[in-house]
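Per-chain residue numbering starts at 1, and chain names A, B, C and D are given in the order in which the chains are listed.
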Amino acid sequence: MLEVEGLEAAYGDSQILFGVDLAVGQGEVVTLLGRNGMGKTTTIKSIMGLLKPRAGRVRVEGRDLTGAPPYRIARGGLGLVPEGRQVFPTLSVEENLVATAASRFGKARWTLETVYALFPRLKERQRNMGNQLSGGEQQMLAIGRALMTNPKLVILDEATEGLAPLIRQEIWDCLKQLKREGEAILVIDKNVDALAGFADRHVILEKGKVVWRGDSAALMADPVLKDRYLHV
Amino acid sequence: MAEPALELRDLNKAYGALTVTDHVSLALPDGEFHAIIGPNGAGKTTLIHQISGVVPSDSGSVWLGGRDVTGLSLPERVHRGLVRSFQITSILPGFSALENVALAVQAREGSSFRFFGRAREEARLNDQAIEALEEVGLGKRAGIRAGLLSHGEKRQLEIAIALAARPRVLLLDEPLAGTGPEESAVLIALMQRLRGRMTILLIEHDMEAVFALAERVSVLVYGRIIASGTPAAVRDDPDVRTAYLGEEGG
Amino acid sequence: MTMPPENGPGFLKREAVPVLLFALLALVPFAAVLGAESYLLSLVTRVMIFAIAALSLDLILGYGALVSFGHAAFLGLGGYAVGILSAHGQTDALVQLPVALAVSALFALITGALSLRTKGVYFIMITLAFGQMAFFLAVSLAAYGGDDGMTLPGRSRLFGMELIKNDRAFYYAVLLALLGAYGLCRSIVVSRFGRVIRGARENPQRMAAIGFPLFRYQLVGYVIAGTLCGLAGFLLANQAEFVSPAYMTWQRSGELIVMVVLGGLGTLHGAIIGAAAFLLLEEWLSGFTEHWKMIFGPFLVLVVLFARGGLMGAIRRIGGGGHG
Amino acid sequence: MSMTLLYVQTLNGLQLGVLLFLIAAGLTLVFGVMDFINLAHGVQYMIGAYLAAMFTALTGNFFYGLALALPSALAFGLLLEFLIFRHLYDRDHLDQVLATFGIILFLNQAVKVVWGAAPLSVPIPEALSGSIRLMDGLLYPVYRLAIIGSGLAIAVLLGVLVSRTRIGMLVRAGASNAPMVSALGVDIGKLFMVVFGFGAMLAGFAGAMVAPILSVEPGMGDNLLILTFVVIVIGGIGSVRGAFIAAILVGLVDTLGRVFGPQVLRALMDPSAASQVGRALAPMLTYILMAAILFFRPGGLFPAKK
């Protein structure tokens, strides 16, 4: 589905990624873990073409899209829920969902109805402007917006960052449901325990390099791992 | 009791319906090395912007050595001794390292409404600048164009610029962001040397650095300070582990 | 990379371009004796006057990255100060020049204070609008010729004497003014003040964070530039013995920008070369065809798309010399 | 001052406002979505007028002329975008200013070569000639009413387009966060071409509509362009709604100021001084208005970004 090989990226002369390898298969949930500043968001930006990679390959379903403009990568089947949510402030909730909606691969799984069913709260606020929402609602909107492009792989960059515990739980429940429905997901988060419950595989980044990869059982079995790479 | 060097009283900031900082209060006694940690989106950078005067607060006040500086602009706060660095390297790439620092000296002392004389050759400014550069270990690189310095050296330069402004309170916004291991080590040693010489408020993700440097640590989550204390106390605080590390239910 | 000492043996080499430039300008009247004296003198006088205007713009555009699109207004203000005072019988430069400069400075202070509150595209459009405001003001001055402009009774006097009536004397007066303006700008650029302005071009946020309230410095820079351009306006009115709203059309402001960029941003002698290049090119092309703008327009587009750094950039690339 | 004069001048102001809006609408979106400063937008207006004059002369019918001028103006705008503008999007504002300035120099001269230096005139179409009595003693030319009417109709249409359609949503989204729109699968370059072409056509339409009442001449778009900038700055870059309100405001202030400024002053000072001062002040009114609005709202009335 998504294959990333030897990805290197830099802002100006400060290199952030030093050869990241990553793969997400059909219907698979993969997490990208690591402390802040280790290059997780940069990895996502490089995958999406928002940052031109210095080296390496990004393939979506076997097609090489390295260095392609973001819209072509998105059309390849990636739906981005960006860090900081970035909902469109001057569009209403419904417009945020509809504006970039698409169904590029046959019949649309996600429509206004199904997204509203997933997030009833959004339906209540459909006439509100993007900047009139709380943080949690903005996050739901950003997820709904990505789903409306009917992607093959949803990428969530810090989707629960800065949210209250109850709202977080709601977001995770939603991810679980997406997984049950066969959606492939690449998720960045720091809440290892919550993710370990339903993610298939994990990748840990440390200073721009992959330092560990494995399944949930292996991750949970090794407490040293968590303390070393993820914790305070 | 002596006035705190820096005091935040009930700072608030919201963008639309989104609360970014939520009743933040904090007092740093003179000479303390204090660190703020917290997840992305917790409002750390906004808080630094509010303290330094880049972003106006919705309510609350900032006090510097017992004086209210809430209404002052960023440059005015610098003149009162409140100096900051930036998360994304912020230097003058076309100027030499020396001139980057000399400008900070120039801003601090004497008029800049002088239209004659070569500023670059003013020994009074350059001597102090050299001093600050040597302090951070860039003495030999003074003549290099700042844009040509390595990333780590740029971070050092930023600290030299801040030092040249003679801060009483120094705000460091993720000084280690984007640095490699060797570069980090140099910067951590530098911060170690600054400890106790001025009041320092550090925002940083590198936990090892934070716990090695800070005397006290505050944890910012959802724009609120949920814990504040010695590194050891904060590390073991169950609330911190739940809220920050996501260990729901312990 | 330490700077070479100011008066070392490298001085002539480093300063070759400006030294050569001014030597050339000083010799023009002698070459003019060979023929077509009045044509050449008046053309080069005009070049020098516009060079002063371009210099003043370079100060804020090249060194301060302030894309001011209303700079021609100051040409007009300086010119109209001469025209209006002359119309009321006040023909002495000792009165006219201070008034011309003061009016320009005041206009710069007011419009600058408003424009500098904004950034980027807004700044460009607002300076453009204020320039246009000055233009329409001149058009509406029916008592002073309105649309058609006004003819001056003669050149300004100095202590009641007609010192610059002679074209050659006027030429040297303008050369002196250009030299003075150039020297002043050079001094400002390397001074403490100039360093603040240049710093603001590179990174305004950094400058604010080390304690510079930039608005004040940029405003003073804007006023200096406007005042200096007012001087050019004073000279222009004297050369043509005529002022009209055409001095301050927005196209003229655009041409001033073109001069600065052609010569190379932030190189003061580049502004002089740019002014010369623009006016001589105009003169030369319009010798071929009245539609010279059809050649010049695309030329400009091509320069933007393919040649960065302007003519001085090209000279530097060929000569391999550096400039701080 | 008579009430009739006030009505007539208000209508004139409205007409100027509507024209300004037609030009400003495309320009403000181009600024907003691509952060691109396009000085050459005023020549689109001029080209529209020339095309209308040419096609009207060829077909002998203004409406056919208009119908042919619109797609031609669109095609011309797209051609410019393709040849030059798209290479300037990631350049700085100074480069954009210079290159589009070069385009103005070229086109203002080119129309002289193609259509001659003398102004062209277009007869007012038969169906819209004459005046209509709006009320007692108030006669107003039908054609000018047609301009106001069609302008307002387009404003409404554009409002619907921007607020109701997918393209409109994308344009608004793009004005606040273009990279995000792209990351969601929208080709922002193509979106921009659509906006640009449409904007060029609207400006061309404005030019075509005024062809019968103004003289069609080189440089006719230049001064209007500056007023359009004022409109955009007042309205807030990237906002169509802001552009509409600001355009009407500027149209009214400019027109009424010129006519009534001196009259108002006459009540305050002696007549000859009043008419002098009034005539000098009137053309500055618009700019004073702009300065005042910016003083309180540096981002304009309806800023599209945050």
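Note that a contact is a pair of C-beta atoms (placed from the backbone, for glycine too) under 8 Å apart; a residue touches a chain by one contact, two chains touch by 3 or more.
The model shown is predicted, which means the values in this text are computed figures rather than measured ones.
**Student:** Treat touching chains as neighbours: how many steps, at the fewest, connect chain B to chain D?
**Tutor:** So the least number of steps between the two chains is 2.
**Student:** Looking at chain pairs C-D and A-B, which one is connected by more C-beta pairs in contact?
**Tutor:** Between the two chain pairs, C-D has more contacting C-beta pairs.
**Student:** Quick one: which chain's Cα centre is the longest way from chain D's?
**Tutor:** Most remote chain from chain D, centroid-wise, comes out as B.
**Student:** Between chain A and chain B, tell me the centre distance in angstrom, where each centre is the average of that chain's C-alpha atoms.
**Tutor:** Inter-chain centre distance comes to 31 Å.
**Student:** Could you give the separation in Å between the centres of chain A and chain C, each centre being the mean of its C-alpha atoms?
**Tutor:** That pair's centroid distance is 55 Å.
**Student:** Could you put a whole-Å number on the gap between the CA centroids of chain B and chain C?
**Tutor:** Once rounded, the distance between the two centres reads 43 Å.
**Student:** Which residues does chain B have that touch at least 2 chains other than itself?
**Tutor:** 15
**Student:** Residues of chain C touching 2+ other chains?
**Tutor:** There are none in chain C.
**Student:** Could you pull out the residues of chain D that touch at least 2 other chains?
**Tutor:** Where chain D meets two or more other chains at a single residue, that happens at 306.
**Student:** Counting only chain pairs that touch, give me the topology of the graph as line, ring, star, complete or other.
**Tutor:** ring
**Student:** Touching pairs of chains, which are they?
**Tutor:** Chains touch in the following pairs: A-B, A-D, B-C, C-D.
**Student:** In the complex of these two chains, what residues of chain C are touching chain B?
**Tutor:** Chain C residues touching chain B: 1-3, 6, 184, 187-188, 190-196, 198-199, 202-203, 205-214, 217, 220.
**Student:** Once bound in the complex, which stretches of chain A touch chain D?
**Tutor:** 48-50, 69-71, 74-75, 79-80, 82, 86, 88-91, 95-96, 98-100, 102, 104, 145-146, 149
**Student:** Once bound in the complex, which stretches of chain C touch chain D?
**Tutor:** Residue list for chain C touching chain D: 61, 67, 69, 114, 117-118, 120-122, 124-126, 128-130, 132-133, 136-137, 139-143, 250-251, 254, 257-258, 261, 265, 291, 293-294, 296-301, 303-305.
**Student:** Residue numbers of chain A touching chain B in their complex, please.
**Tutor:** The touching residues are 11-14, 16, 35-37, 83-84, 89, 131-135, 138, 158, 160-165, 168-169, 189-194, 207, 230-232.
**Student:** So in the complex, the part of chain B that touches chain A is made up of which residues?
**Tutor:** 15-19, 37, 39-43, 88-89, 150-151, 174, 176-181, 205-207, 221-223, 234-235, 240-248
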